[in-house]
Amino acid sequence: MPRALLTWIGGRLLGAAATVVAASVLIYGCLRLVPGDPVLALTAGRRLSPEQIEAVRQASGLDQSLVRGYLDWMGGALRLDLGLSLHYRTEVSSLLADRVAVSVPLILYSAVLAVLLGCTLALVSAVRGGAVDRAASVLAAVATATPPFVAAVVLLSVFAVGLGWFPATGAGSGFWDRWWHLTLPATAMAVAAFGVLARVGAAAFSEELGRDHVTVARGRGIGGFALLRDHVVRNALAPLVTVIGVLTATLFVGTAVVETAFGLEGVGSLLVGSVSRRDLPVVQGVSLVAVVVFVAVNTLVDLALPLIDPRVRTGAVR
Amino acid sequence: MSAAEHGPDDVLTVRGLRMEAGPPGSPVPLLDGVDLRVGRGETVGLVGESGSGKSLTARAALGLFPAGARVSGAVTAAGTEVIGADRAALRGLRRHRVSMVFQDPRAAVNPVRRVGDHLTEALRARGVPRREARDRALDLLERVGIRDPRTAVRRFPHEFSGGMLQRVVIAGALSTGPDLILADEPTTALDVTTQAEVIALLDSLRRERGTGMLFVTHDLDLAAAICDRVHVMYAGRIVEETTGAELLSAPAHPYTRALVAASPSLHGDRGAPVPVAGRPRSLAEAPSGCSFRDRCPAADDACAAAVPAVRRHGGAAVACLRPAAVAL
Amino acid sequence: MTVDLTAVRGRSFRARRPWGLWAAVAFLAAAALAGLCAPLVAPQAPGATDLMNSLAPPGTPGHPLGTDSTGRDVLSRVLYGARLSLLAPLGVVLLASLLGITLGLTAARLGGWADIVVSRGMDVVFAFPGLLLAMLVVAVFGPGVVAPVCALAVSYTPFIGRLVRNAAVQEGARPYPEAYRVMGFGGLWVTVRHLLPNIAPMLIAQGTLSFGYALVDLAALSYLGLGVRPPAADWGSMISQSQSAILQGAPWGALVPGLAVLGTVVSLIVVGGHIGGSIVKKGERT
C-alpha cells in the first residue's frame, strides 16, 4: 500500500477517535451539569440511606475532580466496564449484552428493508421516468416525512389489529418466530430511511443514466440488467453508501421509539426506561455505544469510498 | 444522390432518414431526408457545424435515437435494417457488427471500472469466456500502441492521458471485429499531436481489416485528408456529396464554399479565413426552401420555393440551384 | 432524523405544476391557524373528560373525530395540541439559527484556530443524533420541553453553522465586501447587511427542513413520555396516550394526531425542497 494512502487512513482513524473522545467528554460532562448536587440527580426518587448515597457518589466518581472522574469512567469503558445501573443494580455492559439480541436483528432487518426497497424504487423511477417517477417521488416524500411512531401506529392498526397478520408486541424466540415478530417494528423503523434512499437514489441513478458512458455501453449492445448493474448502480454507489452511513444514526435512535411502540426489550427501550428513571450510568453507557457505532460506521464509509470510486483514491492520496 | 445506388458491398446505407422529436402536436424536426452510404473499406466523412445533425445520423446507424424521437426512412447497417428492429436484432448488431468511437474518451469510458472491464465488456456480453476476452483485450491494447497492456488493463481511466484513453476506446470498438466503425469527432477532445496519431491508427486499422468507417468531424482539412467521399450536412439535410480530393479544391454548395473559406488553411493557399455570416441553424429554425438561403449571398426567391433537388456538379452531387456561384 | 439539505434537494416537486406546493402551504397555514384559534374553533375543552362517551368513533355527534379512552374530544385535542407541537420546534429553529449564524460568522471572520475549533466542534455535535442528545438532557434535567428544545437546537446548529460559515468564507473572497470596507463601513455591518440577505433563501430552506425534523424529534420525545408533561399535550403525547386503544380496535385517537404530524412534516419538506430547488435553479442559470 502506498505511504500516502496509509497516512490518509491514519488521519481518518485519528479524526474518528478524536470525535469519540470529544463526544464522551460531553456525555460524561452532562452528569456534572446537573443543578445542585449531582448525586441527587443520580438518586432522584429513590430512597437510599446516607451510606448508599455515599457509595453512589464514589461509584460515579463524583467525589473526584471532573478530569479524574472522566478518566476513570472512560478507562472503565475501554475495558467494557460502564459502571452499575442504579435501577437494576447490575453491570450496564451485561444489561446491554442482554438487549442486543433484539436490537441488532431489528436494526439489520430494517436496514435491509430500507436499502433494498429504497434502491429498487429509485431504480424503477429513474429508468421508467414520467408518471412512474412522479408517483415514486410523492411516495418517497411522504415516507421521508413519516416518523417511526406514526408508522408504528398505522402498521399496528392495519396489520396487527385489522388484519391480524403480525403480532403487536414481543420479540418472539427462535429465528423464524423472531423474524415474524420483528417485521412490523423493522418496517416502522425503515419507512423514513426508505424514503430518503428512494429520493437520493432516484436522483443519483437518473444522473448516471444520462451520462455518455451509458450511451456508449448501449451502443456496444450492453443492455438490461448488466447495463444497470455495471454502469448505473455501480457508479451511483458512492453517494448511496454515504447516505446509508448517515441513516444508521436514524435507525439506531429509531430503536428507542419502535421498541417502545411494540413492547420489545431491546437497547432502545432500555435507554428510554433509563432516561425516565434517570438511571444515568445506563443512559451514559448507551449514548457512548451509540456514538461509537455511528462514528465507526461513518468512518468505515469514508474508508470504503476510495474502493468504490477510484477517482477519490487518487484525490485522497494527493 | 449517389447513395441511392448502393452496392452489395455497402456496410451502411441510409436512405431518406427523417427524424423528429417533441410532442406529435408540435414536432421538432431534426433530420430531413438524409442519404448516405459507406462501402467496405471505405472512409466516408460527414462534416458540418454543430447542430447540423451529424451525430444524430451517425448514432442512427446503431439504432441509438434520442428518447421519444419519431424516425422514418431506411438505415441498413451491416445487412440489418435498423429502423423498427427489435431489441435482440439491435443488440446483435451492436455486439457483432458496428462499433462507435465517441468524441470525449473521458466521458465515454465508465470512470469507476477498470480499463480491462471496458475492453472485455462487449465480448463478455456475447458470451466469450473471461480468459479469452482478456487475452483479446491485451492483444488489442498492444495493437493500438499501448505499452505494457498487462498493467494497463488493471488501471482506471483517470490514470490515462486523453490520447491514450482514446486508444483504449478504439481498442474497445475493435474488440468485436466490426464491419463498420462510426467515429464521432474522435479527435476533437485531443491535442494536435495526439490527433494525428489517433487518425493514423484508425486509418491503418481500416486498411488492415477492410472495415468501413463513417467519420464525423467539423474539421474540413482532416476530412479532405482521410476520406474517400465527404457528405456536407447543414440543418438536418445533406447539401453536398463530394470526394475528399475535391472538398477543398472544388467545393460546389455555397455552404461548403463558406466553410472552406472559414477554415484556417494549414498550407497558406487559401488566404485569411472568412467567417460564415450568420449563425448555424438547426432544422427546426431553418427557413423554408433551401435552409441555407438566409445566410447565402447568392440566394434569391427561387431558393425559397422548395428544398433544392440534388444535381450533379462536376464530381459532386449538390442540393443547390446555383452551385459554385459564390466566390471562394 | 437529520438529513442534509443536499440529500433532499435533488428531486423536489419544483419541476411540476406547483399544486403540491400550494397544498403544502395551505396545510401549514391551517395548522398554524388551528393553533392560534384553538379556543374559537375547538368544539370542546381539550381536557374535558366524558367517561360515558369513551372511545366514541369518528362521526359521533359532538365529536367529529371521535373521543379517546377517557372520552376527551380528539379534534379539540389535536387543535390545541398544534400549539405546543408547532411552537416548540419553532423555538428549536430560532435558537439553532441564532447559534449557527453566530458561530458560522465567527469562524469565517476570525479564521485560523477559531475556525478549526468551531468546525471540529460542529463535527462532534454531528455525531450525536438529535433525539439522543435530547434524551441525555432529559435524563439529567428531568422531562419537560425547555431542556429538549435547547438540546435539539444545539444538535441542529451544525447544519446552519456550516452553511453560514461556508457562504461567509466564499462571499469574503468576492470583491464587494472589500469595496464596502474601503468606503468606510465596518466589517460586521457589511456582513450582517449584505451576507445574510444573500444566503437568506438557503437559511430559510434549511430552517424549514430543520423545523420538520425538530417537530418529529420533539413529538417522539413526548411519545416516549420524556417530553411534554400532562395536562399539557402535544401530538406526540396524544399518540402515546391513545396507543393502547389501538389494540382495542379504536385507532383514531392515535391516527389523527399521527396524520397531523405526517401532514405537517410532508408539507415542510415540500416547501423546504421548493425553496432549496429554486436556489439550485437560480444557481444553474447564472
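To keep things simple, chains are lettered A, B and C as they appear, and every chain counts its residues starting from 1.
By our rule, contacts are C-beta pairs under 8 Å (C-beta built on N, C-alpha and C of every residue); 3 or more make two chains touch, one makes a residue touch a chain.
In this text, all values refer to a predicted model and were calculated from it rather than measured experimentally.
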{"item": "Pieces of the assembly without subunit B, by contact", "value": "one piece"}
{"item": "Chain closest to the middle, measuring from C-alpha centroids that were averaged per chain", "value": "A"}
{"item": "Label of the chain whose CA centroid is most distant from the centroid of subunit C", "value": "B"}
{"item": "Subunit A and subunit C: spacing of chain centres that average the CA atoms, whole Å", "value": "21"}
{"item": "Gap in Å, rounded to a whole number, between the CA centres of subunit B and subunit A", "value": "53"}
{"item": "Distance between the centres, which are taken as Cα means, of subunit C and subunit B, whole angstrom", "value": "56"}
{"item": "Residues of subunit A defined as touching subunit B within the complex", "value": "211-213, 215-223, 226, 230-231, 234-235, 237, 308-311, 314"}
{"item": "Residues on subunit C engaged by subunit A in the complex (per definition of touch)", "value": "1-4, 7-8, 10-11, 13, 16, 20, 120-121, 123-124, 127-129, 131-132, 135-143, 212, 216, 219-220, 223-226, 236, 239-240, 243, 246-247, 249, 251, 254-255, 258-259, 261-262, 265-266, 268-270, 273"}
{"item": "Touching residues on subunit B, where the partner in the complex is subunit A", "value": "59, 62, 64, 87, 90-96, 99-100, 102, 104, 107-113, 117, 121-122, 125-126, 156, 158-159, 172, 176"}
{"item": "Subunit A residues within the subunit C interface of the complex", "value": "18-20, 22-23, 26-27, 30-31, 33-35, 41, 44, 134, 137-138, 141-142, 144-150, 153-154, 156-157, 160-161, 168, 192, 196, 199-200, 202-204, 206, 243, 246, 249-250, 252-253, 256-257, 260-261, 271-272, 274-276, 278-280, 283-284, 287, 290-291, 294-295"}
